[in-house]
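In the two complexes below, subunit A is the common chain; its partner is subunit B in one and subunit C in the other.
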Partner chain A sequence: MSLISTLARLEAVSTGRAQPAATVRHRHLSDRPLVFVPLTTAGEAGAPLGALVGTDRDAPRLLVVPQPRDRDLRFAFLADLADVVLPYVDAYAEAVEAAERTETDPETGKRVKVEVDLCADAPQLIVPSRGGIDLVRLLGRSMRFRRTAEQDPETPYPAPPRVPLLGRWLTHFGERARVPGSSLLLAMTDVLGRHWATGQSTLEDQHLGALLAWIDPPEGLTGAEAALRAELERDAKGQLTCPPAGPATDPAFDNKLLAPAIERYDRARTALAAAEDGLEADDRLGALTAAEREIRDLVLSRTLPTWEKVWQGLDLLRELPEGAHVEERWTRDRWSFTGHRDRVLAGEPPQPRRDDAVTAANKLATREREQARLEAQEALDDPLVMAGRRLSGEAFAGEVTDVVMAYSEGKRPSPRPLVTVRTDDRPHLGERTKVYRSLGGKPQSAEFAGAEEDGAYVVLRILDKMGRGKEPEPGSVPEKGDRVCFTLFEHEQRGGAKLPDPEETPWTHGGPPGEAALEAADPVTAEDTL
Partner chain B sequence: MPPPRTRGTALRHRLAELRGPDVPAKALDARALAALAANPGCARRAILDGAGVNKAALASALGSPSAFGQSQFALTRGNAFEAKVKADGGAELLRLVHEKLDRAAEPPTEARLPDLTAPGPQGRTARTALELREATAHPGAWTLLDHPMLALDVAGSPAFLEPDAVVVHPDGSWTVVEIKSFPLLDGSADPAKVGAAARQAAVYVLALEEVAARLDPSPRVRHRILLVCPRDFSNLPAASAVDIRKQRAGTARQLTRLTRIEDIAETLPEGTCFSPELPAEELTAAVESVPATYAPECLSACELAFHCRGRSRETGAVTSLGRPVRAELGGLTTVEDVLAAARGEAGDPDDPAVAALRRAAALRAEALEAACR
Partner chain C sequence: MTTLFDPSAAATQATDAILHDTLHGTARGVVVDSPPGAGKSTLVVRAALELAEAGHPLMVVAQTNAQVDDLVLRLAEKNPELPVGRLHSSDADPYDKALDGLENVRKSAKAADLAGLAVVISTAAKWAHVKADEPWRHAIVDEAYQMRSDALLAVAGLFERALFVGDPGQLDPFAIVGSEQWAGLTYDPSASAVTTLLAHNPDLPQHRLPVSWRLPASAAPLVSDAFYPYTPFRSGTGHGDRRLSLAVPSDGSGPDRVIDEAAESGWGLLELPARHTPRTDPEAVRAVATVVRRLLDRGGAATSERSPDPTPLTADRIAVGTAHRDQAAAVRAALADLGVTDVVVDTANRLQGREYDVTVVLHPLSGRPDATAFHLETGRLCVLASRHRHACIVVCRAGVGDLLDDYPSTEPVQLGTVVKFPDGWEANHAVLAHLAEHRVTWRP
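Coming up: the complex of A and B.
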């Protein structure tokens, strides 16, 4: 945490309200995000208990598993979830625009431009907290290797159709969420925490209710008071008035309300199975429906407050103007979405359980590159982020006090003007350190040519973006009196060295992966949890 | 004339007084051990745990109830899984130990399963030590100790610990087994949970080493423990050997540098008592008489955290925002001090921390102003 954000947190403590940690919005927000508020059963590896899901704030779809240990009920839940998520995803897969991509021609080995489809927009999943992202990944993992009756008539517990497909999509969303700056799958606490500094620790910011209480406290309360209420206030029945954003539930809810309700449901089911005639069965079916209704109400009562909070968070975020580079990063998300759509359409097998060495190295390289890109772009888009970089000596801003024309030595002298900048910042500049500024969206580079008066004046030699002529193009060299901001970090990230094809994996990394074998489904046992 | 009290009984007596009359001592559990690792410098936690005070009850009595609790679903599931792992005289468990830790040994076809029941924790500890000696004296056989009881001296007071199982190998060496209900998914589990399990096992290993040291020749306590978890989404056990040397060294170091409970107890005013029966004001005063070192990490490890957080916030301590915050602010420890220094109203401008703060405040103000325009 930089000193600037620490200061913002301390100001939040002192004023009782969260303070801005960003002046623009650094993540893309879809016009029609799919909000997903899941709950799981404690102790079972991600066994779903229920969820609220949908794109319409006023009409969420409630999905409930009345007995989380029952495989058929879990499958019904997953099938219902597929019915909501897949049409939403498909809607974005259809509208495409033409785009160009550079590919290596397999015959000539040259880099050529190819015209391909790029989805015009991409779906966006929003979950309340980081635990939600983990659950999306877990659900994806549990579903993508399942076999439907159509794929394999022998399979002991066939999954409903489309469930394996949902698993592949959720896996893709979960994997993409690990790429810094991506917005296909967002956790509301992370996004809010990026844009506001609260008067509590980052650990406590993981509680969506407390976080929102600091950002937008109700009338007459300070952020600290409202946050405390969100964390601890319990009603007469001992239940939290602001239920945790999940996917884990509060133990008091499990023990006092949910467990008895599930027990009643089980009893009603056993009674129905034991019914001897139609009339008795009718009665008992009524009891079963009532018991199920009760569990549905319980799940709704725990998810609806979180659902509202996620939308409140979206409202708050939408008030911020979008950062200039957000669109570009979203385009990368669209590429990623289009790529997965194509893999699914081409009938490729689901993502493997473990990546081969080359894929894993590529993923890691992508994440590192995107992290550097994100840091650079956020600083360029947002003066508050840039302020942090200036404080740490990675950038400096100031006024141009002098411009002296100079030329490079050589046969064709090119302009290499010397620009003096007066600055209060203390950048870490060494001899000929390269610095960059944004000129019409493109980085212009310069090198450090000397400092005067103990670093208060920095002399820079501008190196490029001045045109081909002997005289620099108008506007390409700062003029006296201009405010300029240079960074010591590069604005655009270069890709790393190319990795070998998977077939060429060296023995040090396990050798070529060999024939891609179709991964078997997980063995099914009597006591599975997901 | 009563016999002169030894130092040990005097301390035990003092701790019982702190706990309050007729309040049974609460054994040091996994959460207390985690809190120990998370915050070894906290005198309040040390004395309360050392005296066996029920901190959850104490927190409720103070008006800041803890948010911990265990869902009965998790409990049922955890117990069912443990029972499954230990079924058939521990056949599956021993097979896993053999496969993961001791391939060279004879496969366990039959194992000794000594009965460890005895009255009271002291009795069970003695019984466990006896059976461990017996088992070590039977070379060539596998022995499974189901829920043994071990004693460990924590800051001058004995803590009783109950590992899920301890296995004695045919070569006479001992292995700690931890059974957890979080899944091992595609061969990997949640690193935070594995870390917590490893820290817990490290404490058991330390306690076992004390038992081993009393035997001659003293058997080896293995530093690779067996972690047993459900595989993927099923209820089938999967196991993994976890090297706990690092956690063992860390815990051993922290145990030795724990402020002696005796020393803390001596600083308390006469008549201090932490019984949850007392009125809230008296309790608050008693709790306040021991200093705490609150940090947000306490929230996930200590039942008293909400109380300490409230106090920490009241005094405006910057640590309530996190330990790293404290680290970058130099000698400034309260929110108002820091803000005054940042505004230029207080503080020595030659102090690098103050200078950096002012610079940060100026840059932040400039950026916010630029954004408003």
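Coming up: the complex of A and C.
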């Protein structure tokens, strides 16, 4: 944890309120996000119990699996989920704008510009907490290899149409969420935690109710009191008044309310199956419907508070103005969305279970580049983030006190002005350390040329962005009295080297992966069927 | 009957076997594990010269520009006639200016300009951009344990066979983003190049260099036991071969007493009172700086097998090692206050591969309330405890032993990954137990 976030947390403790950790919003928020509040069943990894999902705050769609171990009911749930998610996704796939992309021409091997479609906007999924992102990934993994009866008439347990497609999209959202700074799939606790520092640990920040209690405590309570209440307060029946944001549920809820309700549902179902005539069946169907409604009400009672909190979080975040580089990062999300749309349209197979060596290396390289880019952009967009970097010696700000014109040696001397900056910061500058400042959105580099008066004055030699002439272009060199801020980190990231194609994987990495075989879904085991 | 261990003979035997496998073997790769200061660079230079003499075009992959320049200089020193290519980046000042004075070293940012030279040397990052129609017959990959698997993936297509040399005990490569997704895959891109190489080619011949020429007889057993328990090594010198003497007698202060202890035994632990502190613990930082100041003031002189006459212990023969960059910056500032400006102060990552007479180390766990995986990493402590030829002085707050016991390693277990032995927890305990015998407690 950086020094400034430690200070902010201490301040949150002493004031009883979360402190801002950012002055602008560093993540893109869609005008029409799809909020997804899922719950799972204890005891089985990724078995959905229910979910609230939708784009309209006042009209969420409630989806429930009354008997979570029943595969047919689970498929029905997933099919319902696909009916909500896929139309939402498709709505963004249609509107496109023209864009350019550089591609390698397969015939000449040259890099050429090609005109391609870029989706004008992209969908955005919001889940309450990091566990929700894991569940999205898990659901995607469990669905994308399934076959529908149409795809494979022989398949023993055919999936409803569109369920495999939902799996592919959820997998894409889950993978994209691993890219630093991406916004296709966001966890509300992560985004809020990025913008506010609370007086509790980052682990405790994973509890959406407690996190919001610090950021926006109710009247008359401090953040600590409200957070404690959110975590622990139980009603007369021993139930948490602020249910956890899921996807796991509270054991007291499972044992006292859910398990008996599911048992009643099971009994009603068995009774219905044993009904001997139509009249009896009608009665028993009524009992089954009642039992199902009871479970639906229970699931609604645990998801609705979280649903409200996610929207409250969105309200809080929308009050912050968007950071200057957010749009640029969102454009990359749109590229990612467009790319997957095209792969689906082209009839490509679902994403493989495991990345091959080249794909894995490419993904890691992209994410490292995005991480470095995100850190630089957040600092450039936000003086409070920059303050943290200044405090840790990675940047410094100050006033220009002197500018001396100097030139490089060589046949064509270029301007290399020496700029003295008075600063109270203590940057970790060494001999010829490169520093950068933003000049009209582009980084201008300089090198450290000496310090005076114990580091209070820093002398820099400006190196570039001064034009081609002997005299620097106007405005390209700081003037006496200017406030400047230089960073020791680079503002832009270089692209890495191109890796070999997967079919040219070298011997050190096991050679080419071979023909991509169509992967089958996990085999059905005895535990899978009731 | 005991057989006398002859370090030179053992080292020569190992080197001969490695060169035989490299020049005449049939395997596509040869892996050499080298403990600290075991003559890894000497081996690389020798293998390069022999391959070049045999008429095999050779590419050499190192990890940093400093390592590349160092190799070029060593090659030129051994054989000034050898045509060597230094492939460099197109940044300003891409290579050491000392290379300009070498007649047979050609420097270029384009691989095509260096075609046909006997040896071409560059960093892995630069090699990754090279496109070659015809792969090199041979390659040497230096510091292969510090190279990431994805970096090897980018360059492995450039050569047919390679000699991989490195130190498995030093810091593992790392990624700045999570890579759990690929944990357990044989080609996990964040793993070390050697891990991936051996996972796919388990039958490659593996050698190790058995003798550390850097570490003194007082340090080799500890470093070997604590960090290389299954591949032990010996020091090349005996207990009487190296001596550190001080002209000025001790003034009785903590720093002076720990210097005397370290001069005598090769190790010293300056223990400050237990306390939880920020990373840049001002007292510990000052203690480190004071020890360095006193080392210089007391007129140290080192006698070793290299020369019969004592060589003065000057600032360039001392280094300070820390875990974090801000700690290094704080120590530099404290040293500057005491008028010391030319002692190297750096983090473990940057001290890898370097050698000094005396090192002063700020213990990674000193003053910490918790023991994270970063601070427990075996390689970090190993680097810090194995840079010295004569003595190592560790500055630490009391209570690290309890801290270790309070925080056993809790990293999640990943299926399919190779478990590294020893773990940081065990290695830290082994080093602490040894240091406790050379403890000087001091309240500044």
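The rule we apply is simple: the second predicted complex is superposed on the first by the 527 of 530 C-alpha atoms of A that agree within 3 Å, B and C clash if a C-alpha of one lies under 4 Å from a C-alpha of the other, contacts with A are read in each partner's own complex, and residues count from 1 in each chain.
The working rule: contacts are C-beta pairs under 8 Å (C-beta built on N, C-alpha and C of every residue); 3 or more make two chains touch, one makes a residue touch a chain.
Everything numeric here is computed off the predicted structure, so don't read it as measured data.
J.: Going by the contact rule set out at the top, does A:Q200 touch subunit B (first), subunit C (second), both, or neither?
T.: Only subunit B; A:Q200 stays clear of subunit C.
J.: For A:A406, using the defined touch cut-off, is the partner it touches subunit B, subunit C, both, or neither? Pick first, second, both or neither.
T.: A:A406: touches no partner chain.
J.: By the touch definition at the top of the document, which applies to A:R354: first (subunit B), second (subunit C), both, or neither?
T.: Once the two structures are laid over each other on A, A:R354 reaches both partners.
J.: Who does A:E368 touch here: subunit B (first), subunit C (second), both, or neither?
T.: Second partner only.
J.: Of the two partners subunit B and subunit C, indicate the one touching more residues belonging to subunit A.
T.: Higher number of touched subunit A residues: B.
J.: Check the residue A:A259 against both partner chains and state whether it touches subunit B (first), subunit C (second), both, or neither.
T.: The answer is first: A:A259 touches subunit B but not subunit C.
J.: Answer with first, second, both or neither: which of subunit B and subunit C does A:T508 touch in the superposed model?
T.: A:T508 contacts subunit C only, not subunit B.
J.: Taking the superposition on A as described, I'd like to know which of subunit B and subunit C A:A274 touches: first, second, both or neither.
T.: After superposing on A, A:A274 lies clear of both subunit B and subunit C.
J.: Can you give me the overlap between the subunit B contact set and the subunit C contact set on subunit A?
T.: 354
J.: Along subunit A, where are the residues that touch subunit C in the complex?
T.: My answer: residues 178, 180, 354-358, 360-361, 363-365, 367-368, 371-372, 392-393, 428, 496-497, 499-500, 504-511.
J.: Quick check on the complex: what are the subunit C residues that touch subunit A?
T.: Interface residues on the subunit C side: 28-29, 125, 128-129, 149-150, 152-154, 156-157, 175-179, 181-182, 185-190, 193, 196-197, 200-201, 325-326, 329.
J.: Would you tell me which residues of subunit A are touching subunit B in their complex?
T.: Listed in rising order, the residues are 1-4, 6-11, 13-14, 20, 23-24, 41-46, 138, 141-142, 199-204, 224, 231-232, 249-252, 254-255, 258-259, 353-354, 382-384, 386-388, 390-391, 522-523, 525-530.
J.: Mind pulling up the subunit B residues that touch subunit A in the complex?
T.: 64-65, 67-78, 181-183, 185-187, 230, 232-236, 296-297, 299-300, 306, 313, 316, 318, 320-322, 324-325, 328-329, 335-336, 338-339, 342, 356-357, 359-361, 363-364, 366-368, 370-371
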